[in-house]
Amino acid sequence: MKTEDMIKEITRISGGNPAKCMKCGKCSGACPAYDEMDYHPHQFVNMVLDGRIEELANSKGIINCLSCFACLERCPRSVEPARIIEAVRVVTLREQGKNHLKPDGIPAILDDDLPQQAITSALRKYAK
Amino acid sequence: MQRIGVFVCWCGSNIAATVDVQAVADALAKEPGVVFATNYQYMCSQTGQDMIQEKIKELGLTGVVICSCSPRMHEATFRRTCEKAGLNPYMVEIANIREQVSWVHKDKAVGTEKAIILGRAAIAKVQLNTPLIAGESPVTKRALVIGGGIAGIQTALDIADAGFPVDIVETKPTIGGKMAQLDKTFPTLDCAACILTPKMVDAGQNDNIRILSYSEVEEVKGFVGNFEVKIRRKARYVKEDLCTGCGLCMEKCPQKKVPNEFNMGLDNRTAIYIPFAQAVPKVATIDANYCLMLKNGKCGLCSRNCTAGAIDYKQQDEFIEEKYGAIVVATGFNPISLDKFDEFAYSKSPDVVSSLEFERLMNAAGPTGGTLLRPSDRTHPHTIVFVQCVGSRCDASAEKGKEYCSKICCMYTAKHAMLTREKYPDTEVYVFYIDVRTPGKSFDEFYRRAVEQYNVHYIKGMVGKVVPEGGKLKVQASDLLDNRQIHIDADMVVLAAAIEPDKSARPLATKLTASMDTNDFFTEAHPKLRPVESPTAGVFLSGTCQGPKDIPETVAQAGAAASKVIGLLVKDKLIGNPCVAKPNELMCNGCSSCEKVCPYGAITYEDKPFRGPNRTTLIRRVACVNPAVCQGCGACTVACPSGAMDLQGFSNRQIMAEVDAICK
Amino acid sequence: MKFSYYPGCTLSAKAKDLDEYGRKAAEALGITLEELPEWQCCGAVYPNATDEIATRLSSVRALSNAKKAGMPLVTLCSACHHVIKRVNHDMLNNVDIREKVNTYLGTMEGAEPYEGDWQVIHYLEMLRDCVGFDELKAKVVNPLKGKKIGAYYGCLLLRPGKEMQMDDPENPTILEDFIRAIGAEPVYYGMRNECCGGYITVEDKAQAKKRVNAITDNARNSGAEMLITACPLCHYNLQKNADEPIQTVYFTELLAEALGVK
Amino acid sequence: MQVKENFTPTIVAFCCNWCSYAGADLSGNNRLEYPANVKIIRIPCSCRLNPMFILRAFQRGADGVILCGCHPGDCHYTTGNYYARRRMTLLFSMLDYLGIEKERTRVEWVSAAEGAKFAQTMNEFVEAVTALGENKRLEDLRCKQ
Amino acid sequence: MQAVIKKKAKELLECGTVDRVLGWKAGEFFYDLTPAVFTTPEEIDKDFVFSVFSGANMSKYLIEETKKEGKVAAFIKPCDSYSLVQLQKEHRIKRENCYIVGIACDGMCDMGLVREAGIKGATAVSEKDDKLVLETIYGEKEMPKEKALLERCVHCKSKKVVDFDEMIGENGEENPDCGRFDEVERLEAMTPDERFAFWRSQLSRCIRCNACRNVCPACSCEKCVFDNPDSGIAQKAAASDFEENNFHIIRAYHVAGRCTDCGECSRVCPQNIPLHLLNRKFIKDMNELYGFYQAGADFETKPPIMNYTTNDAEPSVVYQRGGSK
């Protein structure tokens, strides 16, 4: 995927808008996992904007983020870094080929015999 | 039928190059009502104007059409020309054949044809023009200033100096406003009280100024030059004219546990009180929410001790009505409530304070007598963390805080940090900032002094959490330049809370029919060119009610507002724009549709007698437009179902005639 | 008062106390909790990614079934509540998610479309808004006098405040009010709404330990003798990973005790 | 629908005095061309535009009518264009309901600084109306077939 | 019903509550009921009629009646009551000069539909259960009342009398799901050509008799814009066909936001032009674009066309909305 598309994809999945960031750093001031993360919440926002998604994808940060939403709650600009970190995490897991399904693909593979649990569980593999 | 003269301008070659001006004049000469048509090189030149005047007189023209540049350019010029020749200036119409024809069309035939059509439309309109005479209204030579902070005081002083009487309406028991609560002022660090209180005294003693403290604007009627305002004088239970301000009552008052708003609730006052020593008027006020006498009729100590006999427990709110020519809004600001920012533990720890509270803690007249002490245990703080932009610059969808920059926080935080370091060199001071914004004369130098001379630690980053523990405030924050999270055990945290317009501003705006933005700041008539006037004629803006401002800017705007007011009050009468709405009373239903869409409150209703059938008299409710208030937008004309409301100068028939001329 | 009740997997296995005391206490308060038939695991982690549909399905089924039963849905586990409440918010506000979920459920299960128009509340909200803490106080037979209790909220119950809408996410009072209602004394401490590191507890014990220690130290230094929580993950983490654990119990246990049904 | 050869539509543009009329002047100042069949009528504010004026124009042979006013929020009279916006929305919807081609009516917000936008808008509008051909429907809505 | 109403009318006159009573009396035919003013109990006994043909909206008559000395009583059906409130909002009715008796209503009938049902030579009507009983010169005939209901009653939006001094019968409820916009939707779904053909065929039947204007409670202007020489459109002498062409569009526009959808315009149209479909289009658009609004439902709310929000839809929304085929 091209960098621009990647930025769009991350933004779309996150449901947030990194461009709103005013670089105040409150997210990283609020983060309880700051010291364990190699890239910190404010960096995620900035690096996604810069297209440095590869680096983020390979970082410890996507695992060590506790998804506690402190950054999301306290963000004055509604950037909500937790959503962006999650989006990077999700895209990474999907890109690495750990699953072959995308929700948009569901209707295509629907047939009468396939039990819905199969789909649910298959889809869930990449989530967590 | 009018006798119309048509004057086609060449504008040098600007028009003549792409429009056959002779052909235009010839074609328009054949239009009904046209008795004369000509063309000339420069109609706006003296010779051109002389020609128009000559022809008006010579041919007895009743209407003039000028085919030239945009009316935005020379309409006023040509109206004056015609007026001098004895023609009503509103009998002139301009066909814009430069901006709309010669400059945008290259083909001469096409341009000429269009110029003729535009000329016809103008002729069709002039056929229906009627002479309009601008209305006049008298001016009441008295001004009202709403709000008695530095903005209101300065405006009142300037107006009074010009010789006009001014009333200041202030909702608190004293004038002075926020500035009276400040300690020092940036960037010169002179003491706020030292520069403000002389002005308060001036205002109190000026013969032209009447201070109506502890009062509110109840109702506003009328229009520019002729406002009628009803003012509520809240019962203070003390006769203002008798009270000497000796303060004995305060000593005797047994109810001593009232949170002192002047000190931001950091200490207590008595139920009968004078807010601070330099109050103007220096008159006591009884706080009815706390007074034992007023609450359960048992006490009366103040009354017994008052040698002037000023106490009156039976006092009621009074109303006064006064006429004004101009109104100045100076309702000021407040820091926002910090309820939604409890990650800083503001509501949990008394040692987390707002900047205005810190201001009081530093002030010699404050609750600690000017010694900086922690509110919790009255000990000297050794580490202080300042947090900037609390509630400023927030995204709207965050649903807390304000979208705008509050403008003054960077400077007062630098001041606080500097003063702290100066008075208490053993105190470490950290300032967390997003950006340090210091545009202004000597402002950045001031901030740099805090950093370079006073060694204040400025950290680019933001505090994310404050946890009170063991008498300390554990501050967790980011240091973005160092790319690390830092933890500081602070003794005090000071929050630079965003500022917002005073809550009284919104209802006041409704009473004044003055407009506001989404943040409840008053809108100016033009953001650049008319910054101290509200779009509502006769209403002016002073200070932070219009937007965040520091003291010098506020004073400058106060002076500007005053000069606008003086400019209005020196006039003996106001001449209006005659192109205003006019109802045909015979057709008016009195249905209030027009009133609902009028942005100026220019429409009122009257019950008027009309002749009915069989010599009866019928009383009907009909609309009346105040021509001094109406600005001529025309919203009402479309809202009116019967077409009873029309707009002079742009009447239904005139516009229809233009449509017909163009579509023919 | 009758409610649909969603216990969730953890409450059926590892956190039986939370569930059992919750049910007993409800009974004592005259509340009927009707367990949803055939509920499924909520997925335990809310799918933040807006394009994940499958992980939202079981929450929608639970909500939809509660709607059919005509009773508001009550949850007890913080994690389940977080997931179901937020999925409900998505179904109400995110057209894209709503359409995809309904298309899927419609085609696969012939289910009626669900529009996010049913109420899901946490047990605590039921106590506060349906029973009322004053009413609860009146029903307490065994007030827990003198107990100094710290409320531990964690993250999932409160955040994101705009979606969870339970309490002020930075200055919550619901657990403190609860503690007061059962006769004990609430102790404020700043870390009560900071994360315990529950999500990382399997992968990175050290990080979880650090988080938990910060919380327990702050609670103890602020005078708390015990902590209460609504979250099985926090409960586990606070008990197992702290260097010096502070006694932590589910709030329902104290509720049952105060109502004399423990 | 008959389309005359070399059909040039008659377009009436109502422009508010404060923004759009000035915007039109600016496109003149900058020599930005637009078709000559656009004729501007100056009104004080977009809220002065009575739907009757539009119907009248159509009935007298106009092929398209456009209203230009200040951008919402920038009205010289504070609220005029907000009223105009509702009035025109409802009127256009009604004309569409009667089967009149909705491309014949348009509202565009043009500020005093948007000379280029004014010219561009007029070019586009003339093009759209030219494509529709002559307006017959409003002229003869009631004529017996 | 008639007996109860007549009794009430007489009572109000006799005990001096009112000086006049506004009611219905028979015209040339028994179904041709027209509003009339009664001043004595005797007149009421003689001429007062209330039947399924008492469809006329009484509120408009109160404009003139309440200008007069003394007090007038009026019998107001639910749909009339919305006009009554709307006219008060517009300061047209002096409420202190009238006494309003609300009457519960389960629909008024259309004589045309009775004839269509094959019943000829009718001379009187009465109701039995949910049937209409018609005395005809050929004997008594029956038909289900629902088959004879006026269009507006089939899609009755509300059975609630919104303003009254006393009620006869039990007050009903609003009925938001009355399906009154179904027909508008059907038209919206057509192509513009089809719609144009539809409206042309309808409007070209108009004979400009002004019946719609005369009956409409919203068309109560002191002088209609079409008769106003300063409006620029009343130039009859200039042989303008502007008025002819655009009368109904302008009328619908002028009553938009004030029209309570009482349906009188269509009821009285001698050419059976479905004029209410024009009004309903405006109502439907306003509901969809600016939030639900019912004219005359209360005394406070501003009509959407005299109101705004800063983030209203742009007029270009018309290009995207339904009916774009």
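Here the chain labels run A, B, C, D and E in written order, and each chain numbers its own residues starting at 1.
In this text, a contact is a pair of C-beta atoms (placed from the backbone, for glycine too) under 8 Å apart; a residue touches a chain by one contact, two chains touch by 3 or more.
Here the structure is a predicted model, which is why all the values come from computation and not from measurement.
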item	value
Any chain that touches chain C and chain A	B
Distance-to-centre winner among chains (Cα means, whole assembly as reference)	B
Winner on C-beta contact pairs when A-B is weighed against B-D	B-D
Chain whose average C-alpha position is farthest from chain A's own	E
Length of the line joining the C-alpha centres of chain A and chain E, rounded to whole Å	60
For chain B paired with chain E, centre-to-centre distance based on mean C-alpha positions, whole Å	48
Per-residue overlap in chain A, given as positions that touch at least 2 other chains	70, 73-74
Of all residues in chain E, the ones touching two or more other chains	225, 231-233, 305-307, 310
Sites on chain C at which at least two other chains make contact	170, 194
Chain pairs that touch, as defined at the top of this document	A-B, A-C, B-C, B-D, B-E, D-E
Residues of chain A touching chain B in the complex	20, 22-31, 34-35, 40, 42-43, 70-71, 73-79
Interfacial residue positions of chain D with respect to chain E in the complex	51-52, 55-56, 59-60, 72-73, 79, 82-83, 85-103, 105-107, 137-145
Chain A contact footprint on chain C (complex, rising order)	43-45, 47-55, 57-58, 94, 100, 103-104, 107-109, 155, 158-161, 169-170, 194-195, 197-200, 203-204, 207, 211, 214
In the complex with chain A, residue positions of chain B that touch it	343, 389, 393-395, 397-398, 400-401, 432, 434, 460-465, 476-480, 483, 485
Contact set on chain B toward chain C in their complex	339-343, 345, 347-348, 399, 465-470, 474
